[in-house]
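First chain A sits with chain B, and in the next complex the same chain sits with chain C.
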Partner chain A sequence: MNRRSILAGAVLAVGLAGTAFAQQDKVKAGFIFVGPIGDGGWTYEHNKARLAVEEEFGDKVETVYQESVPEGADAERALTQMALGGADIIFTTSFGYMDPTINVAKKFPNVKFEHATGFKRADNAATYGARFYEGRAIQGLIAGNITKSNKIGYIGSFPIPEVIRGINSAFIHAKKANPDVEFSIIWAYTWFDPAKEADAATALIEQGADVILQHTDSTAPHAAAEKAGNVYAFGQASDMAEYAPMPRVSSIIDNWAPYYIERVGAVLDGTWESKDTWGGIGSGMVEIGEISDIVPEEVRTQALALRDQIASGEYHPFTGPINKQDGSAWLAEGETADDGTLLGMDFYVEGLTGDIPN
Partner chain B sequence: MDLSSINPLILLASIMVASTPILLAAIGEMVCEKSGVLNLGVEGMMITGAVCGFVVAVETGSPAIGFVAAALGGAVLSLLFGILTQYLLSNQVATGLALTLFGLGLSALIGQGYVGIKAPVTADVNIPLLSDIPVIGRIVFQHDLMVYFSIALIAGVWAFLKFTRAGLVLRAVGESHDAAHALGYQVVLIRLLAIMFGGACAGLGGAYVSLIRVPQWTEGMTAGAGWIALAIVVFASWRPWRVLIGAYLFGGVTVLQLNLQAAGVAIPVEYLSMSPYLITILVLVIMSANRSRAALGAPAALGRVFHASH
Partner chain C sequence: MLTLEKRPSPSRMWTLLTPPLAVVLTMIAGGILFAFLGKNPVESIRTIFWDPVFGEFAFYYRGQLLVKAAPLILIAIGLSLGFRAGIWNIGAEGQYIVGAICGAGIGLAFYPTENPLIFPLMIFAGALGGWAWAMIPATLKVMFGTNEILVSLMLVYVAESMLASVSSSLLRNPEGMGFPGSRNFKDFPAAHNDYLIESAGIHWGVVAAFIAVIFAYVLLSRHILGFQIRVTGQSPRAARFAGVNPSRLILFCLGTSGALAGMAGMFEVTGPAGQISIDFNSGYGFTAIIVAFLGRLHPVGILLAGLLMALTYIGGEAAQSTLGLPAAAIQLLQGMLLFFLLAVDVLTNFRIRFGKTEAA
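So, the complex of A and B:
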């Protein structure tokens, strides 16, 4: 028995001795980040929320974080270390941390885990995510309207449901705005690699795309768009306002602060329980960044109207009739997609070309 | 699949841009290895060059001064490696690896306040007349200055090694440091200079990424380009023009893979990503099957420790 497992055993014993709903005076919250805080996108926003937690609770909370933790086995090491370091609640902020989170959660029943964008839960492991596809619908509407080449480039990260949902949602709404629109998709197989993202954006632009949508975390595609001239882009995960008004014409902003404050507060009160949270524009988890003046007034009005309709629940971005890529029917007229299908989405909708890599 | 959407001319032009960082780093490493020193710290020197170049370019507003600073930064870091391996006789492989880790950490520290800032724009040089030539003009004569500089550097290194006495001495040191020492050449000094040249080139390559290709600063942004540069040197069997071919091949595959994806070609990305490495292995196998180590072209004293008391 090595030292680590003795320690883990000790933590376990303490966990069993304590009561599940004890109130705590002080909470240590840990954060596992997939990229550097300075990425200007995904991790930047998670860290902003971390700071908001510190601000909210002051002395009652201590936060620790680790940047650029690789997804996969190494994440388990980082998580274990954080749990052994006395963290009461640990937020694992990327899809690839799903299995490591569940594995480590088993070893530390008294530590609460929160995994972003995943679907596996345990008694001490909750999941949370945001309905980015709602924001993608608005992006698609703007993109379809402002493209002149009718060609929209999309930089995907990994072919997982979250990313595929975004592509489908953007495509459906771009197509509604402009029936001639085409999507070119490049899978970068990374969340954060500025050089690769810049190359991908450049390749798309060279093939005639004049709007770039991205599901990767850096601002490099914006820099590439700016260099190319008349190319539009959208902020991803963060506002990326330093590229406004051109090439960045709008953005999807993830606002994790209210959720993190609620969950850390729940640990303090002793009311934390494992659940799944999937917030959207309505709950404020997804925000739409300012639409710049480059976008024509009527398009902006339409986009804002769409945002408000989605926020109020009046409109669902996946409302039938929608067919799958192979032409088979998916949603009938007026039918909306259920969350189960959306969470496991592994198909393109009709009109998109190319295959989803396995 | 719509291959017609790929414009071969634009593709070639962007291959030249994508290949320049690894080309610069590889030619520097080649000179270093020609002197008999194996410096595995290319990645660390590149990233240090990237951050030095970026910070200085942002502060001064001049990309040119940024590139000079990047070369200096890379050279200073490589000097550290030089002192450790040449004077303190530390193991070159271990020291090189440590240099990579050190460079990554140091660059993250220096670059902390510069994340998300935009770099000053480097203008493309449109060579008058030549850039107006149809087809070729577009590919070859409308780049930024560093692209031409990197090709000129290849030619310069080739000429230096082949035609000058100093180049001959450098090669002699790399083949047999004891013999060179017996002839009265200052092995350690020559190697230090070669190491610093390698560092400066790697720094320039890094700055090309942070100032032109991306252009912004983020931690770890060279993303393994230094390792590819090391592979290219072996692939090129230590010959300058083959370094050029190797770098364009590696860079080309990266760009081509993205373009094929954008055009919707159904080749799995993984095959394209691994192809340059497969080619390297293949070339190594063919060359080493042919004759003994001499055929590979590796300097005979590569990686061996030299001490004047021998």
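So, the complex of A and C:
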């Protein structure tokens, strides 16, 4: 007997999960976190959402979590452990858990899996992610307006579609606000490394940037901006309000709570099914943190109007005419980007300088 | 009054007794720690040390123990050779990464060829990569007298940067939609370090670890090189008189530990981890240092220590998800294990005497 059948047998034997679509009185929800729950950014927000699930369902839900789970071989064991331990639904909250999630989902057909930011699904494995690029549009608008040197620094994490989308969206909207604006991009090759992030921010500031955008999770760029003085920054993943009103002038907040509540609720109701969710400002998954008083009133009004237009679906941040970096046409006048192109985005838009590393 | 009196030679009895004693002391101190965190200490200790081997889901965990212990044992065996001779390779993590990159790289170069020779070639490439990475501190030490602790440690960070670079460029999965990380070896059977016996968690890395234990045992107890290693560690001066060539010994010890670490990395990346990714390495190279000392630098001791360390990891994870213990508390428990081991070492080298000390 191979391990798969042993596991499947065990699941049935101890009655860990009922039939796929039955209503349940009680749900056990598991969470796998990539960092410590006190990281102040990405994992902190996911854990906040876990607590919101507990708050919402009270006695009907039990949550378990494991923090700082490495994205390699250990993830698969951590997932199996949770499934064996009786979890009905497991959220895996980092891109690197994609293959382990799919592998374990195969062995536990009655357990539901939810993988954040990935693209592989199964009957019992759904994916979810947020349209951070919508928030980037608002950041770009503010940044383009408040820069005096016309130079904006951008700390990229990894050259993957999600990050490139953010750069393009921010650039398009900064350029609209201020045609003279230029972007300098530094790739840090990390999601969370305060020392590297601070170095990148300092290098960008020394090159003349007076606004720093980041796609990394620590507050180190804010500390570097504060030290340099007269440099603006934006909170990433979490509000980072401790740096308001300067250098933090606004932020993109990931709010996972409504989604987690919805999905755990669906398990309780017996209505859960595998799907891909890509929420934005409209569904509340992406929030814009308070815009501080440093930003001129008029810019703030514009930014909030843009936010509301995106939320209502009236405006798409990628609306033509937009050309690619090499000058070739991408979107015609009035055309909006389709999700497929956005999910695989591997090009800069016209006006950005430098190459995407590959 | 309590006084310590140095033993003329380390006590054999205490050499064997101190590791289990350290484990018991760790359980007690850990239990107290967990009690302060508001958890039931007995249940916590049972979840960590007992359940993975004898509990309800032991059928799964027992295999996982071997999966987790194998790279630790393989690396620690290599390190112990050098440590015995006073050659300190602290950078096994770097050799582990480079071995994984080389082994996986060779395999991926042949994708999707199916040939039974690919996997052996990958093992060789992994060992060679780890060996070459360890040869940098070894050569620098032999030629310029540099400190191998610093050089090997610094090279870990270089290796980590290389790993980040190849994951997002050279070895990136062309079908991965631009995301960093190589192809998954599960989809490439010729290069996949699959389970030989799946329910027991046995893959080629586990086999290699057992072979390494046997070889190290024979080397240290039967071979002239083993004698040279031991005598150099005990008395470098005596070793020189006995005709030991220190440079040769440095190259051998660092090279062997590098090759074993490289192989461990290759087995891990093509098996349990499944793919080259930016942070597939999870600190085995550093943990193996603890395993080597916990096992008294003795091959059989290392085998047991590796399994014990794996148990604290696997039981620790179970305690996290079932009892809600924080990850940091588990790391603290592992740290305590080494602390107590070093502390009770006093008993090996010293005799405790009760009573009044004589005036000097």
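To be clear about the criterion, the second predicted complex is superposed on the first by the 340 of 358 C-alpha atoms of A that agree within 3 Å, B and C clash if a C-alpha of one lies under 4 Å from a C-alpha of the other, contacts with A are read in each partner's own complex, and residues count from 1 in each chain.
One rule holds for everything that comes next: a contact is a pair of C-beta atoms (placed from the backbone, for glycine too) under 8 Å apart; a residue touches a chain by one contact, two chains touch by 3 or more.
What you are looking at is a predicted structure, and each value in this text was computed from that prediction instead of being measured.
Under the clash rule set out above, the superposition-derived model of chain A with chain B and chain C contains a clash between the two partners. Within the superposed three-chain model, A:36 lies in touch with chain B and with chain C [touch as defined at top]. By the touch criterion defined above, A:246 lies against neither chain B nor chain C after alignment on the C-alpha atoms of chain A. Of the two partner chains placed by superposition, A:266 touches none, neither chain B nor chain C. Counting the residues of chain A touched by each of chain B and chain C gives the higher count for C.
Of the two partner chains placed by the overlay, only chain C lies in contact with A:71; chain B stays clear of it.
Once the two complexes are overlaid on the shared chain, A:81 sits against chain C while remaining clear of chain B. By the touch criterion stated above, A:299 is placed in contact with neither chain B nor chain C.
In the superposed model, A:185 lies in contact with chain B only, and not with chain C.
Looking at the shared chain after the overlay, A:198 reaches chain B, while chain C stays out of its contact range. Two complexes overlaid on chain A leave one chain C stretch from 147-155, 237-245 or 273-281 clashing with chain B, and it is 147-155. 36, 68, 189, 357 are the residues of chain A that lie in the contact sets of both chain B and chain C, per the superposition on chain A. Residues of chain A touching chain B in their complex: 36, 38-40, 68, 153, 184-187, 189, 192-196, 198-200, 202-204, 206-209, 218-220, 223, 227, 242, 353-355, 357.
Residues of chain A that touch chain C in their complex: 1-4, 6-7, 10, 14, 30, 36, 64-68, 70-74, 76-78, 80-82, 84-85, 95-96, 99, 103, 119, 158-161, 164, 189-190, 343-346, 357-358. Note for the complex: chain B touches chain A at residues 5-7, 10-11, 14, 18, 108, 112, 115-116, 118, 121, 209, 213-216, 218-223, 225, 254-255, 258-259, 261-264, 266, 268-269.
Contact residues on chain C toward chain A in their complex (touch as defined above): 56-57, 59-60, 63-64, 67-68, 161, 164-165, 168-169, 172, 177-181, 184, 186, 195, 198-199, 268, 271-275, 277-282, 314, 317-318, 320-322, 324, 326-328.
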